[in-house]
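Two complexes, one shared chain (subunit A), two partners (subunit B, subunit C).
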Partner chain A sequence: MVNNIIEFENVSKQYREKAGEIVNALNPSELSIQAGEFFTLLGPSGCGKTTALRLMAGFIQPTAGNIKIDGLAMNNVPPYRRPVNMVFQDYALFPHLNVFENVAFGLRIKRTQAAEISRRVNESLEIVQLVGLNNRRPSQLSGGQKQRVALARALVNQPAVLLLDEPLGALDLKLRRAMQLELKALQQQVGITFVYVTHDQEEALTMSDRIAVMSAGRILQIDSPQNIYERPTTRFVADFVGETNFLTGKIKNIVTGDYVKLAIGNDLVDVRHRTNGIHPGDTVTVAIRPERLSLAADGQQVEQISATISEITYLGTDTRYLVTIPTGEKAAVRVQNAGMNRTSSYRIGDQVKLGYVLDDAQILVS
Partner chain B sequence: MIEQKRSLPGTLYFIVMMVFLYLPVLVLIVFSFNNSVILAFPFKGFTLEWYKQLLGARELLLAARNSIIVGISSSLVATLIGALAAVAVTRHHMPARNFFLGAASVPLVMPSIVLGVAMLVLFRRVFDLQLNLWLITAAHVLISIPSTILIVMARLADFSHNLEEAAMDLGANYWMTLLKVTLPISLPALIAAFLTAFTTSFDEYAMTTLITGTDTTLPVYLYSLLRFPRRLPVAVAMGSIIMVISAILVITAEKLRSIGTNRVQKENKI
Partner chain C sequence: MTTLNRKQDSAGKTNRPGTETKLAGIPRTGQLVMLVAPAALWLIFLLILPLITLVMLSFQKSAFGPDSTVFSLNSYIEFFRNSAYQRLMLRSLWISLLVSFFTILLSYPLAYYMAFHGGQKQSLMLNLLIIPAWTSFLLRVLAWRVILGSSGLLNTFLLWIGLINQPITGLFYSQTAVVITLIYIWIPFAALPIYVALQRIEPGLLEAASDLGSRPWQAFLKVTFPLSIPGILAGFLFVFIPTVGEYVTPAMVGGPNGLMIGNIIWDQFSRGLDWPMGATLSLAILVAVLIPLVLAARVAQKSGALGGGR
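Let's look at the complex of A and B:
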């Protein structure tokens, strides 16, 4: 049996605005986070990620539903009695305390012995690779250093779960990339469950064991990074994570458990049958990634759709083609510029066949 | 920063301003060392006589002691009340927040002579109390509260509520958080509020004179001295000392306030 460290049972959160207006920050949601995993809440600004995190930390109470941490109901358990610690987006370091005292804060509150405080604080500062700055004030640190102090301050308490609210948001791109890898390695080293909030899909894909994609107060899909990318179930997820083509097709027949025969324009193609609740005659949307499409002459590919090339963009490693299919819809195709130089083989206006492998297309529910 | 050229009209303006503001103070201090009972030019010579007499002026020193006691106790109470009110206003959901703030600021705009009459009626007619220093202290608390609320509030509004949440997240309960995070970070503002309240109380004349019983405060006593011209130079000496101390207090309060503000602003820049 998997051990769920955090569980949301039908949890929702509404904010009451001053004007009496109600904001549904989180619609009733189910969520199970397993012990030891790197779990990411991914979604655009305002979708309710911070709300979900603050519900876990106990800064706010759910309007309805139950939150369990390590099997215990957390209704009315204040933040200071929960086995979780948070890394804030603006770090929230105490300006009146130096680095050592910032990290020691939690231990001092718990009246830990001085010798142990000193040992554990230095240990966690070593883990986050910040040594020799113990006497500095937060105002004398760089953004990256503040970030490390905030991490150490949370880790030193050995929480069951570490909550991180866009912790890399304030860093420049290069430092951010480096910190992503470091954070992931750190999580594996300490073995603590991480719940990570970000609106950066690339960050989510590289770091997470599982991702929950959110939109407008709803959790749309919870899956591994690979499945979020390869098997998005909704148009929103397919669109938010990476670039995707959406093609409209009509279902001809379904070979249950195997494949679906689909008409796109005048072409008949197959798509792997993975989606429930579709029937012959339905009009559906199919998602295919640009790099999973290929261009070829007639008859060279298994699943093929007629198309006309309408735009060619040279991108260095790749060439991006924009093609128009007979239904009028457009699709992007990314072809790697490797081996034989294919850039010169097509011109705008050429008639081609769009091809893909059966498993690379995905029928969306909505 | 734009480099500013010194212009003649600007310099003149500055000089006129300074003379206008500080000439009276300067005259007072100069005359406190003048060897004559009559406060007029020309100077007769330098003397420390008035300061010596001051040391022997029992009633005057008593009034000064009263003022200090009233000042310290009313400022402590006003700072405490102001700080709690500021926490309530900035950190908690408070119904009728704006009404509360407006109501608390009334003593700031109400003429103190009117307040004094109101107090006198309240103390003597409504409650039938003997006028004493405690009542003066209470009245001074009332007029100091608006400034203490505003000073502490500005500070609390300045630093992120996240800091308090971070403390709670790290295991501190409400009171621990107040003690270990909110208070230390607000300390400069608390001291500034205290000093401001103290100067308010120490200066107060119009209202205080109306509710003074047998025990009098310094400004009230000094005013009564004006009836005895021979003792005037002693009052001037006392005035000079007060002026210098007040200036030090005000400058300290202002420094503390800006230190606090700068620190928070630096913190918020990531």
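Let's look at the complex of A and C:
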């Protein structure tokens, strides 16, 4: 049986504004986070990520529903009695304490012996690769160093779950990329469950074991990075994570569990059957990634849609074509500039066939 | 009063290097003189000149007549010889310490409540705190005569509820009366800097403390209180310094036992006409006040509470 470290049972959160207005920050949601996984909450600003994290930490109480941590109900359990620790978005380091004392804070509260405090604090600072700065104040640290202190301050308590609220948000792009890899490696090393909040889809894809994509206070899809990218179930997820083409099609027939036959433009194509609740005659949206589309059939068994090239953009590694299908809908196609495709032989106005492999198209739930 | 918020550090950053531009036609040095002049004049006329006058006066044999140009150490000898002056001086310092201590003790919960539980009513409460300071100082002291006097409000009330059957007379014209009155008067002055310090504490820090296992009282001791020390020190100085030289309150509610060094200085200048002695005593207060000031600065520096903010 899988051990769920955090469970949301129908959890919702409403904020009451001054004017009496109610903000639905989190609509009733189900969520199970497994012990030891790197779990990411991904979504645009204001979708309720921080709210979900603060519910886990105990800074706010759910309006309805139950939260369980390690199987125990957390209703009315204050933050200081929960086996979780948080890395705050702005780090929230104590300005009056030096690096060592910041990290030692949790252990001192628990009245750990001085020798052990010293050992564990130094050990944590080594894990986050921050040595020799023990006596510095937070005001004397760089952004990246503060971030490491915040991480060490949480890790030193050996929590069951580490909650991280956009911890890399304040760093520049280069440091961000480096820290992403470090954090992922660190998580595998210490084996603690990470619940990670970000609005950066690339970050979510590279770091996570599983991702929950959120929008407007709703969890839309929980899946592995690969499935989130390749098998988005909703238009929002397909659109938010990477670039996607949306084509409208009409269902001709369904071979359950195998494929769906669709009319797109003037052509009949097949799409793998993975979506429930669709029927012959329905008009549906099909999502296909630009790099999974090809121009003209090259011997493989592919589905084909006729189209006209309306724009060509050279991007160095790739060439991006914008094509128009007979219905008037546009689609982007990305072709790598390598091998046979090294030089583009197409011109604007050329009639082409858009090809894709059966598995690469996804019918979205409306 | 809503402008009392966290943006304290922006003030110092306006004169960035590289932004200096040459004003039309005025040379650099001229500009510098113009910039510094107002502050320099202010310092010279309001601080340095009076201080020099005071020092010179203290070494004169007399303030008036032919003796006024004669150098003399008489006042200093008198100050060290006459133990009455020293006792009065110590008493003034003691009263100031008591007043400062209790003022801060009472102001802290007030400031804490305003900063953390004031919610929308913060500016209203701030105004309520400050409004009494708009009325005359004298009036506020007199109000305590009405309260503490032998037929005053307090005695009347205590008699009425039957807690006492004789009016307490010791309350009025005593050191206690001076201390109580001054505490009342200074509370806004101590509460404000403490309030500002508490208000500047990021709520995230208290959440972090809670997240790291602190119960509310532990978070107070380890985070809130240390971060409010600059406010406490400022409040302490705001109260301590003016209290040492106080003469109005002791004159009005102090009686013979409540007299402070300020009253004697007042006497020297008005009735006794011994201005050199008055000047000497004033300088003695100055030195006595400088000591806790330097100590407070030391403490602040050591705790890193001032300056090294974030």
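Following the convention adopted for this analysis, the second predicted complex is superposed on the first by the 358 of 366 C-alpha atoms of A that agree within 3 Å, B and C clash if a C-alpha of one lies under 4 Å from a C-alpha of the other, contacts with A are read in each partner's own complex, and residues count from 1 in each chain.
Definition applied: a residue touches a chain if its C-beta (ideal position, glycine included) is under 8 Å from a C-beta of that chain, and two chains touch if they have at least 3 such contacts.
The structure displayed is predicted, hence computed values, not measured ones.
Novice: Based on the shared subunit A superposition, would you classify subunit B and subunit C as clashing or fitting together?
Specialist: Here subunit B and subunit C cannot both sit on subunit A without a clash.
Novice: Classify the contacts of A:246 with the two partner chains as first (subunit B alone), second (subunit C alone), both, or neither.
Specialist: A:246 contacts neither subunit B nor subunit C.
Novice: Going by the contact rule set out at the top, does A:143 touch subunit B (first), subunit C (second), both, or neither?
Specialist: First partner only.
Novice: Report for A:80: first if it touches subunit B alone, second if subunit C alone, otherwise both or neither.
Specialist: Touch status of A:80: both partners.
Novice: After lining up the shared chain so the two structures overlap, which partner does A:346 touch, if you call subunit B first and subunit C second: first, second, both or neither?
Specialist: Neither partner.
Novice: For A:170, is the partner it touches subunit B (first), subunit C (second), both, or none of the two (neither)?
Specialist: Touch status of A:170: first partner only.
Novice: Overlap the subunit B and subunit C contact sets on subunit A and report the shared residues.
Specialist: After superposing on chain A, subunit A residues 57, 59, 78-80, 84-86, 88, 90, 92-96, 105-106, 109-110, 138-139, 153-154, 157 contact both subunit B and subunit C.
Novice: Per the contact definition, I'd like the list of subunit C residues that touch subunit A in the complex.
Specialist: That would be residues 120, 202, 204-205, 207-215, 218, 222-223, 226-227, 303-305, 308-310 of subunit C.
Novice: Within their complex, state which residues of subunit A touch subunit B.
Specialist: 57, 59, 78-80, 84-86, 88, 90-96, 105-106, 109-110, 138-139, 143, 146, 153-154, 157, 170
Novice: Mind pulling up the subunit B residues that touch subunit A in the complex?
Specialist: Residues of subunit B touching subunit A: 159-160, 162-163, 165-173, 176, 180-181, 184-185, 263-264, 266-268, 270.
Novice: Across the complex, what residues on subunit A touch subunit C?
Specialist: 18, 57, 59, 78-80, 84-86, 88, 90, 92-96, 105-106, 108-110, 137-139, 153-154, 157
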